[in-house]
Structure formats: C-alpha cells, structure tokens
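Right, one structure below, let's go through it.
The letters A, B, C and D name the chains in turn, as written, and every chain counts its residues from 1.
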Amino acid sequence: MKPDEIIQRRVARELKPNSLVNLGIGLPTGVAKYIDEHANVLFESENGIVGLAAKPPEGMDDPDLTDAGGGTVSAVPGAATIDSAYSFGLIRGGHLDATVLGALEVDERGMLANWVVPGKMVPGMGGAMDLVTGARRVIIAMNHTAKGAPKIVPKCTLPLTSIRRISLIVTDLAVIEPTDDGLVLRERAPGVTVEQIVAATSAKLVINGDVPEMDLGVAA
Amino acid sequence: MKPHLKPEDAVKLIPDGARLMIGGFMGVGSPHRLLDALAQSGKRNLTVIANDTARAGVDIGKLIRAGAVSRLIASHIGLNPETQKGMIAGEIDVELVPQGTLVERIRAGGYGLGGVLTKTGLGTIAAEGQQTVEIDGETWLLAKPLKADFALIAADQADYAGNLQYQLTATNFNPIMALAAETVICEPREILPVGMISPDVVKTPGVVVDYLIERAA
Amino acid sequence: MKPDEIIQRRVARELKPNSLVNLGIGLPTGVAKYIDEHANVLFESENGIVGLAAKPPEGMDDPDLTDAGGGTVSAVPGAATIDSAYSFGLIRGGHLDATVLGALEVDERGMLANWVVPGKMVPGMGGAMDLVTGARRVIIAMNHTAKGAPKIVPKCTLPLTSIRRISLIVTDLAVIEPTDDGLVLRERAPGVTVEQIVAATSAKLVINGDVPEMDLGVAA
Amino acid sequence: MKPHLKPEDAVKLIPDGARLMIGGFMGVGSPHRLLDALAQSGKRNLTVIANDTARAGVDIGKLIRAGAVSRLIASHIGLNPETQKGMIAGEIDVELVPQGTLVERIRAGGYGLGGVLTKTGLGTIAAEGQQTVEIDGETWLLAKPLKADFALIAADQADYAGNLQYQLTATNFNPIMALAAETVICEPREILPVGMISPDVVKTPGVVVDYLIERAA
C-alpha cells in the first residue's frame, strides 16, 4: 500500500458517523475516498458549503461549486450553502467535529506549524489558524518525514499555526497522540517497527509497552 | 430603479489610491468583468481587501499583474506567485489575516462593532503587535474592523431594486462586504424585475447596493 | 388638524427619497401615511424586514409578516427578509438613514430618555438603544407636553437611551434642533406663538430672530 | 435522518433549571407547540434567553404564567404585564439587554467569539458594571457571549436532514440561536424529503440541529 493510502485509510477510521469534518487540500482531501458511505460523515469546506462531495462527472462541473482550493466539486443531497462568516462560525464555534490537515512540523507539546516558512514560502494561513484553534479534533495527516528529515520535532522551529494542542498525528509510519505526558506512540503502520519510527522522529516519543499495528480495515 | 453601469464606466468611479473590498474565493464569486475593466484602467496604488488574489493573471490576480495594488489584506496568497513576488520585492505591502478573522473584521466594519475578539492566531506571529483583552481571566485577541471605499461584489441574481442572491460557493465574502463599504458595486449574473426574487431568498437587501453592472452586450 | 397629524406630516417631510427608515411603534408609525409614494422611502422594521408596508387588507394578513409591535403588516414589492443580527447590523452599522421614535424626555444636550421609568414602567429598551446610537438621523416625534408637563427639560431625570445626541425634535407645537449651542427653535406649528412654545418647554430654547411656521405641505 | 419527536417527548429532554434560548419576536417565529408542551410540563427554575416574553399567557408568556421561569435575559417585556409583575415581585430575575446587543451576544456564543464590542448602551444604566475596552482612543462596551443548554426554535420548512429555512419576520432570532446551544430542537411548519430545499435557501444547515418536532397529529 502506498504511504498516502495508509495515512488516508487510517484517518478515515477516526471520523465518526454523523460528524462534520473539514479536509485540507491535498493529502487530507483523499481521506474522503475511504469513508463508509453509510456513515453519513458530512464534509464542510471553508469557502462555504456543508455537504461537499467528490469531483463532478466530466463535463458536469459548475464554476460556482468549488472546494477551498478553487477546484470544482459536487455535493450531497441535503447540502447547504453558507457565507464565509457562517463558515467560520461553524469552525471557530466548535461545531466542526474534526479537521484533517497537513503539517510542516509538529512538536512534543503537540503544537503545529503548517502555514509559513519565513523567507521561503509565504502562502498565508488561509483558514488553517481558525481550523486548528476551533475544530473539536485536529488530526494531522502527513508523511512522517520530508526528504528524510523528521517532521515530528522537539520544538517547532517554524511559526506556529495555533497554541492549541492538536489531537492526533497520523503518518505513513505511525499514529501518535500528543498528551500532557508528551507524544504517545499509539500504533505502528503495517510492517514498521518501533525502532524505525523512533529513528524517523526527532521528538521524544512515549512508548507504553507493546505498540499495536494500525487497523486499516483492509489487508495492507 | 438602481443605477446601472457598464464595467468600464463603473471603474471610473474608483480613484487611484482607493480602498477596495473584492468578493470571491480563488476567483469563484468574484466580479469578473469589473475586475477586467479595473485591471485595464491603469489605476494605481489601490488597497485590496479580499480572501486571496486567485491565480496569476486571473480575477484579482489581474490587478496584481497590472501593478494596480500597493497594499493587500488577505488570508492567502499561496496560489499566486506574482503576489508573493510583489510582496518579497516590497512592491505590495501584504497583511496576512486568518480567514475567519478577516471575514469577521469586515463584518464588524459593516455592523458598527468595535472589533473582533477571537482565539485564532493568539500566541502566533499573526498576533504580533495586536491588542489583547482579558475577559473573565481568559485572553482574547482583538482584531480591528475593516471598512472600504468600494465593495466590488458578484451575485447570482439581482432585481431592479438591487436585491441580491448568491449561488453555492460563489457566496463567500460577497454578502459580508456588501455592508462594509461606502459604495457597493455589484456584478450579477442576471438582472430581473422587482418581485422576481422572494424576500426570503434575498441575502443582500437592495438598499445597501449603490450600482449594478449591466449584462454583457 | 389634530396634534398627531401635525407631527406626522412634519416628520414625513424630513424623510428623503430613497432612504431607509425605521419608524417606532405608535405615533411614529403613522408618519408612513404622509410619505409621497413616489419618494421610494423604504421602511425597515427591526424584527427583520426591509420594505415594510401598511396593514394588510382584511382577511389577507399573514402571522409571519409583522412589525416590531407584533402586528401584521404588508410589504412592498422588492422587500427583503433579514434575521435579527442583520437587522441590527443595518441599524448599528449606519445603514439606516433615519429612525423616528417617541420620547419620555429630551434635554438641552439633545439626550433622549424613552425606555424606562424606574419603579413604574419597565418595558425594556428593545431596539431603541441601538436605533438611537446607530441611525444616521434620530428624529423624535412626540407631543410637546405630557398631561401639561413639559417633556423637553433642562436635563433628563429618567435614564438615558443613549449618550448620542439626537438630530431633531418634532412636536405638535414646534420643530427643535439640538446643537452645540443648545436647543434651537427652528419652526412653530401653525398658529402657535413662540411664547406658547417657551411656556410649554422647561429647557432653555435658543431663538434666533423670526421663527417660521412649519410647512406641512397642506393647509393646517 | 434527524431524530424526530412529539412536543411532549421533546420537553422530557429538558431538566428543571435548564438554560433555554427561545426563538421568536412577540411570539412570531416561536415554536408554539413546543412552548405549549413545556408550559404544561411543570418545569421549574428555567433560564430563558429570548427577545421578549410575548403577551400574557401567549407563547413564552405561557412559561411565565406557569411559573417555570426564574431568570430571563431579554430586550423587552413591555407587552407582558405578568413578566413585569414577576420581576417587581422578585420572582423572576430579569436582565434587560438592548436587542442588537442581545442577538450579537448569542451569535458570539455560537461563533466562538469572546464578546461583542458595541457603542449601544454606553454611558447608560444598561452598561452598569460592564467592562469597557479602549480601541484607538475610543471607548467600547464589551458584552459577553451567551450560550444555552437548549435552543427551542421554529422554522418554516425542514428537510429530513434538519436543514432549515425560515419565512419573513418569523426568521428573527431563530437562525442565530441555532448555533449557540448544546442541543437544538426545531419545530418546523412542514418537513420535506432531503433535496426539496435548495442549498442556497437553507439558512441553518441540518448538521447543527439535533431534533425535529413532528407535525401535529
């Protein structure tokens, strides 16, 4: 199984039936593919819709129905259009059950940096700061390392997205939960050892006994 | 009946140095023809308040490419490298604001509120130099209201009285900006006689709209 | 002409074409009768509609279309429904060109008291404080005296509605404008003398030369 | 499909002492059947947050008459002498709040904002004991967010997923309260299959609604 699919399948299992979820652009968007269609997970996109669905059939797209990346999407029956103020009312007001976002760095305190690399990349925070501050659960979906360098670090060197601790980190190697006691290693990806995870992580990991393998719902 | 103008005449109302709010999200729900005319008009030194600057040379990106913008207040410029280049070269003074804070600042401007109290950005570099307020022992960031000389917005349908309705994700910042500017210019997809839009579907009452852009010839 | 009609006709002449106006319940509501229908004055009611119109024809009223007093009304073509937050956004944000309200007292500073008589009448301020603080012009429409006692007083004895100075006072006797120099007597009602107005007013009035008679647009 | 209940079963969810937001303006847009059932249920010690208490014995006035309300946050009680009597007798603790501030406080609660900065009420007895904030040399009143255990709201149409639309002046506080309570119970005039209400007409997405009241038998 490809690294992205491992991450997406594992994150999909975190999303509860009848919940409202915002998926970041890129890798997180792909999580939707692995949600049980009967679970009635509802996706919101911060540009203003509750009930976002997959890309439209070829030739059936509408320029006024898009995701937060500006790409055309479809919608589920029972979708609702909202303006930007309402959209962030849902996000900031705690009505969003979960957001799934990428990361540049996560650290031992559970702090996230995902919006700027000073002097190099200045995209702006978009909705990320509101999402990380306001969503009930913040799930980070990312590759464990970037060009071989650990992204889970003792302390973020990049500017933080929020001072609110994120809820869970899901990578192609592991599931890690930030807690008061530090980053607890909860699960290993299929075939990955604890030693491999520790080697790919520059932050200290808390390891309590046996670390089980991820359940991806299918054979990896 | 609401005054109605061609895009090229509407942009004549806008002086160099004006402060503009522009609706849209990555160009979706932006007033496309108005932005075309504005980019071609040779304006300079505009301040733009908008969610983003779309892509290079597209919608608000046309204003960037035309060198019309000297100051930008936005949440995201990541998909327009020309804006980033202008920022790094010091040609465009860019203020990046979290999206939810940006829209509330605009709303506060339009609704006569003194500011926005939010946790978003607190303790990050986005909050540097900003006032905080203690409320019952909790710290909140105070973000100030935004107002503009002009709001350039797009709508799906307008009626002759300027009542507006929006469609799907083309709604975004448009209805919020419609209350926050001295002069509101709206480019609707279609214009209908009064009474064709149900009062319950109107999202912006015509009374706050100053000009409608006529349909394309 | 009855006192109320004098007040209503005179206030009507203050309302500009194409403006958005909120009329308080009671005497101010009656101002609408005297607006030129071609002037396109639009009425908003703070319970949530722009484009309020007169009472509906008998048997044609709808319980979901009401004014701020809860009475059924009709609406003009091109009316718009708004929620309470938007309604007060219009009011507080300076989008309302004028509000016409009654008063218990107005004083030499142009301060208004119209919402409470401590120990006696506790109705609550409803939308009055927002209207007086936020409307571009605040026009007071009231009888000059109450049971013979002046309502225009040196200093309000009742709790204020706002610390914002109101724009104009129109009574059955006079038109008075609060200014930096005090209450300027601008107009007399038909047949009323300056002396009668002064006698019915306990506040000091600034009287600059001849005070013209009100133009009511019709013979009184 | 959204859970749906009869009014008499819905009120069983509400314990004595609960904090309720109730939609409506002088009873217009109030959840009439739900209020009937609540008044008959013998609840005590409720806190009610609402624009007003309608008229004596009508809508929210039924709760007042039943002695169910011990605390009230409202903008106006002038048309219900029973509420005034209860206030003067010390049976109901009444907090009067300017209407525009009341609705923004509810919105702030629902939108995760720290409070409302307004000029309304500044310098009057309505501001006594309240915090003020200086912003660029200007003084603003800080009004705190309101939240509730339950929002009891009314809508015109709902679909099976709980998406709501409202009609005319029956809209008022309902869509704002729908975001500010832990549990949202809506009494719609009619309930339709999913897909019968356009996404652009929905004013409250079903995802924030917890229960629908079934149509009358």
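Here is the rule we use: a contact is a pair of C-beta atoms (placed from the backbone, for glycine too) under 8 Å apart; a residue touches a chain by one contact, two chains touch by 3 or more.
All of these numbers come straight from a predicted model, not from anything done at the bench.
Engineer: Going by the contact rule set out at the top, which chains touch both subunit A and subunit D?
Structural biologist: Of all the chains present, those in contact with both subunit A and subunit D are B.
Engineer: Weigh A-B against B-C on C-beta contact pairs and write down the one with more.
Structural biologist: A-B
Engineer: Where the centres are mean C-alpha positions, what is the separation of subunit A from subunit B, in Å?
Structural biologist: Computed value for the inter-centroid distance: 29 Å.
Engineer: So what's the Cα centroid distance for subunit B and subunit C, whole Å?
Structural biologist: 35
Engineer: Any idea how many Å lie between the Cα centroids of subunit B and subunit D?
Structural biologist: Each chain reduced to its C-alpha mean, subunit B and subunit D end up 32 Å apart.
Engineer: Compute the distance, rounded to whole Å, between the mean C-alpha positions of subunit A and subunit C.
Structural biologist: One centre to the other, that is 56 Å.
Engineer: Residues of subunit D that touch two or more other chains: which are they?
Structural biologist: 104, 107, 111-113, 118-119, 156, 166-168, 171, 199-200
Engineer: Which positions in subunit A are in touch with at least two other chains?
Structural biologist: 49, 75, 81-82, 85, 88, 91-92, 134
Engineer: So, with touch as defined above, which chain pairs make the list?
Structural biologist: A-B, A-D, B-C, B-D, C-D
Engineer: Spell out the residues on subunit D that touch subunit C in their complex, using ranges where they run on.
Structural biologist: For this pair, the touching residues of subunit D are 25-29, 51-52, 54-55, 74-79, 84, 87-88, 94, 96, 98-101, 103-104, 107, 118-126, 156, 166-176, 203.
Engineer: What does subunit D use to touch subunit A in their complex?
Structural biologist: Answer in residue numbers: 107, 109-113, 159-161, 163, 179, 194-195, 199-200, 202, 204-208.
Engineer: Can you name the residues of subunit A that touch subunit B in the complex?
Structural biologist: Subunit A reaches subunit B through residues 45-49, 62-70, 75, 81-85, 87-88, 91-92, 116, 121-130, 133-134, 159-164.
Engineer: Taking the touch rule as given, give the residues of subunit D at its contact with subunit B in the complex, in rising order.
Structural biologist: Going by the criterion above, the answer is residues 104, 108, 111-119, 131, 133, 135-136, 138, 140, 142, 144, 156, 165-168, 171, 199-201.
Engineer: Hey, which residues of subunit C end up touching subunit B in the complex?
Structural biologist: Subunit C residues touching subunit B: 20, 42, 44, 49-51, 75, 77-82, 85, 88-95, 134.
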